[in-house]
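I've put the structures underneath this note.
What follows is a pair of complexes built around subunit A, which joins subunit B in one and subunit C in the other.
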Partner chain A sequence: MSDVSLSVSEAAFETIFSRILPTPLLPFDESASFAGLQFGVAGAIHIAGADGVDFEDGDTFWLDELEIAWDKLVLRLGFDIPTVRVGGFCILRLDDILPWESNDCVWEFPETDLFGADTDIGPLVIDLGPIVSYVVTEVSGRFRISPVSEGGTLKLKVHKQSIDVDPISIQDTFGKLPAILQAAIVAAGAKYVTANPPAFAIDLALGILGFPSLTELLLDILDIGDDLQEWLTRWLNVEIGLPNVLEGLITTAVLKKTMFDIPDPYSLLPPIKMDIADFGGFADPQPPGPTTTLPAPAANIVNPAARFDADMLHIRFDLGL
Partner chain B sequence: MFPTMLTQTQFDSGALAGLASIAHPMRDVGYWRLAAAGRRVAPRRQFDVIVREGGQARYAIELADADRGRLAGLGEGFLAPGGMINLAARGARTGCHAFLYGDRPDEPLWDSRELRQGDGYACMPMRPGSWRIENLLDGAVGRLRVAYPDPRTIAAGQRLATAPVRVTVGMAILPDDLRIDPGQLLVFAIDVRCRLAVTLEQPDDGPPELAAWREERSRMALERVFGNDRC
Partner chain C sequence: MADLYAAVTDDALNRIAGFLHARAPYLFNYVAPSLKARHDDAGNIVGFDDNWVVCSDVDPAPPPGVPRYRRIPPFGVPGVPIKLPCAIQLIDLRFDFHPGDTITLPPQLAGPLAPQRFALRAQVQFGLACIPPEAISAPPPTTHGRQWILPVLPVESLECFLIQIFVIGHLVVGPPGQQIGLELDGLEIVDIQPPGLEQAVECYLVAMLKGAILPQLVLALQAVPVHTLGLTAVTPSLSAGLPNNPAIEHDALHVWLDLAFA
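Let's look at the complex of A and B:
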């Protein structure tokens, strides 16, 4: 049996944890590219709280529904116009000149790429601020607690054991997203036309690529299909891997949290000021004045442990007396 | 940025640059040296051309590059009799030419600024409009019309033509009135001494109603994806 045992109820733990859980802004910036589209996302979230805590047997507890608040969500789109390769074909073969000879190519028009691998349009910055309130992020997780001696205190730290971040969904019931993205595509087209004034050059490039309009080329590169919300969430969840990004942010943020600080050495009593005449006697030397202060009795904390049972957290340790 | 090759408005066989090529046949077995020349060509850029049985059908030589120093030095190629030297200068901005030397290093046997019977010149005009084709050595001329790449025809499912168009340069340029799509290759078979210039005279920026058509087409494309919401 330990020398000291502290018990904290699940309700008290939940109240305390809810107070320490909120975080400052947790920013991130990620990007991915696929088939001519560079997709970047810069955002910031903060943890606002949690819906509930369930103690488990052992040293873990289950955190229900972390409340994730989105503070910023900005997309960056960059478009690569597909490389157009001209030339690289045979103009004249040997048997065109000398019919009895082989058909080896004697004259080949040199191959040239008209568009390189660089981003041709963009990056186009699209602020999704108007729809961040429709971004649904469901996060729950299992956390482990452990006592850690650190800088003269015994701290009860919370560690991630597993975090479940559901794929992000967007419930844009008011349909703001289509208007935002539509405006961005129109702006991208206008920007490109401004940067490349001759209309013939754009029509020529589009003609070679087989697109009647720049808008259709951009839409083809975006490959949105018939469900814009599904397209955006696929990019965020699959190509960018936002659930993993958020898990990393949350893990780091939660790791910094301390539940309880217990001074180590552990004070048993406060210092005692007393009249020396009231005391039975002192070993030499005698205190010089009529009063003295007895130092606070304290003991180092040894063998700390923290465990949950059904509805109670038990923090136990021995005193190194 | 848009590739400058798309906006090239002049081709000159005597100043090779951009989307153009010259072919020169090498019929006899032997040893020759080809030297590149031009304002932006690296000095002493030379190529040994060895014609012998078992050689290649063609020897492709890039006369100039945007990086002027990178292509300096000596190249070497082996051609079969009847094979052709293929010259290009895709990176050249001001044009360049070449000399072919035999036994005497001070007397070129062939100068690419004066093409001869059996040589070939090819160029790929991209700019829509009316072009003039002229043999600068004898004044023979021809007309070329590069069609505007009308997006309405692309929308109707047509594609730009890509097959090379062949032209003979003799006492006259035949056919002397050509129509091609941008990006179609003009291949000139040379029968007389010539220096060919293909020059844009009147650009074609497309019919004026295209702007309204583009706007409507874009609106419909956006509507198909995003619905009727106007941005």
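Let's look at the complex of A and C:
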């Protein structure tokens, strides 16, 4: 039997784990481009807690649900509109005024390319803050616990063994999502047009391309169709690969967490404040006095171990005495 | 099921006691020091220093800056005009939890150790100063016209004797607030003669332990496991419904706790 044995029940472990788990904001910023569309996502989540701890035999436990809360979700869209060549046609020909002359052009509208840049429109910033409460992120995983000596304490750290981040879904319980998304896109388009003075060029291009408004163009280019919800989840999950991004964030955040901190060396008594006059036979050098505080006698922790069985986490260690 | 369980073995406690004996000997050595004259170059007494006279040297030496002895007051004897130095040294301290397997109990305590009981064996060395006749009649030392009034008898050695004490006890939980204490089941001092003297001393010791020392001794068995794990904002309480909690069994002290999280 080890010198010291401590056991923690599954229920207490879950409560403690859930208490240490909440994180500050975990921001991320990812982007992808596809077929002329630059798609960026800036967001922030935080881990709110844990639910459903299940001890496994050995040094791992299964977690049914890591509670993820979304704090920010902003899309950035940039478009590479196909180049439109305008101009290059003749406004006035010589034979229009001098019929006997040749039909040489005397006044040609200058030829120019519209939308020749890599990103012609954008970034349009679509703030999806109003929908973050609809975003559902289900995370489960298997975690390992191990004692690690670090900075004067024996820490029982939680390590990721495997994390499953389900594809992000959007629960549109009240059917409000399409309206919110469309409003956000319209707002982003309007804001962009307002903020970019050569709006006539956009109107001109839209006319050439056959779209009555920038919003219509966006909806067409984005291939949003009728199902905004499906479109958004596809982009978040597939094109951006947000589940992988979240897994990385969660792994890093969880690795910083310590379940239990056992002082090592382990104090056998508290520090003792003493009046020098009340003691004698000091080993040199004698403290100058009149009072001194003796450090706590402490023993190193040796042979630490942490194991689970079906119901309990068992922590055991010996004292290096 | 309890939220938290903790156990410590008697072997660990015995090693802790040995470790503290070496690292914090002042917990085990209580001394009323004698005096030692301090002289000037001409051999005149210019003052007195403590002379920590004991029966057994503290070995090994403690770590730097750590004292060997804790001061206790000198004792007086009626008719003797000066206080007497003395020393009480706990030479060895050993615990044994049920089932008793490291301490052989004396016949008077009727072994083997009963369930849920602990045994304790302490070897205590007492040292008392002998009073030479001249200390009673001689005038106080005088130097430079100053008469020194000595608070304690200057001696260079003590009359020493060693006694072995066995104690059997168990844990009790009582109000208020589930305080865990110790209750004495038996005490035996070995080989004091005549038997009447032994019984009288044991009687006084039991009365002193039961009346003064044990009531003040509260074991923080609820708090220690929680602090050991570094848990905060948690209120521990003894789990109910267990036959013995805390328990002394399988050579260890066990406690089961429920945790109320803030």
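We take it that the second predicted complex is superposed on the first by the 205 of 321 C-alpha atoms of A that agree within 3 Å, B and C clash if a C-alpha of one lies under 4 Å from a C-alpha of the other, contacts with A are read in each partner's own complex, and residues count from 1 in each chain.
Here is the rule we use: contacts are C-beta pairs under 8 Å (C-beta built on N, C-alpha and C of every residue); 3 or more make two chains touch, one makes a residue touch a chain.
Keep in mind the model is a prediction, meaning the values are calculated, not measured.
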item	value
First (subunit B), second (subunit C), both or neither touched by A:Ser7	second
Contacts of A:Asp261 with subunit B and subunit C, given as first, second, both or neither	second
Subunit B versus subunit C as contact partner of A:Val148, first or second or both or neither	neither
Touched partner set for A:Pro285, first subunit B, second subunit C, both or neither	second
Which of subunit B and subunit C A:Leu269 touches, first, second, both or neither	second
Touched partner set for A:Leu98, first subunit B, second subunit C, both or neither	first
Touching partner for A:Gly175 - first (subunit B), second (subunit C), both, neither	first
Touched partner set for A:Val125, first subunit B, second subunit C, both or neither	neither
Common interface residues of subunit A - those touching subunit B in one complex and subunit C in the other	none
Touch list for subunit C against partner subunit A, complex	1-9, 11-12, 15-16, 18-20, 23-24, 26, 29, 31, 33, 50, 52, 58, 61-71, 225, 228-231, 250-252, 259, 261
Touching residues on subunit A, where the partner in the complex is subunit C	1-9, 11-12, 15-16, 19, 153, 260-263, 266, 268-269, 272, 274, 277-287, 292, 294, 297, 299, 311-312, 315, 318-319, 321
Touch list for subunit A against partner subunit B, complex	86-87, 91-92, 94, 97-98, 101-102, 104-110, 112, 114-115, 175, 178-183, 185-186, 189, 195-196, 198-201, 203-208, 210-216, 219, 224, 226, 228
Complex contact set, residues of subunit B against subunit A	1-3, 5-7, 19, 21, 23, 25, 57-58, 60, 62, 82-84, 86, 88, 90, 120, 122, 124, 126-128, 148-152, 154-155, 159-160, 164, 182-183, 185, 187, 203-206, 210-211, 214, 217-218, 221-222, 225-227, 229-231
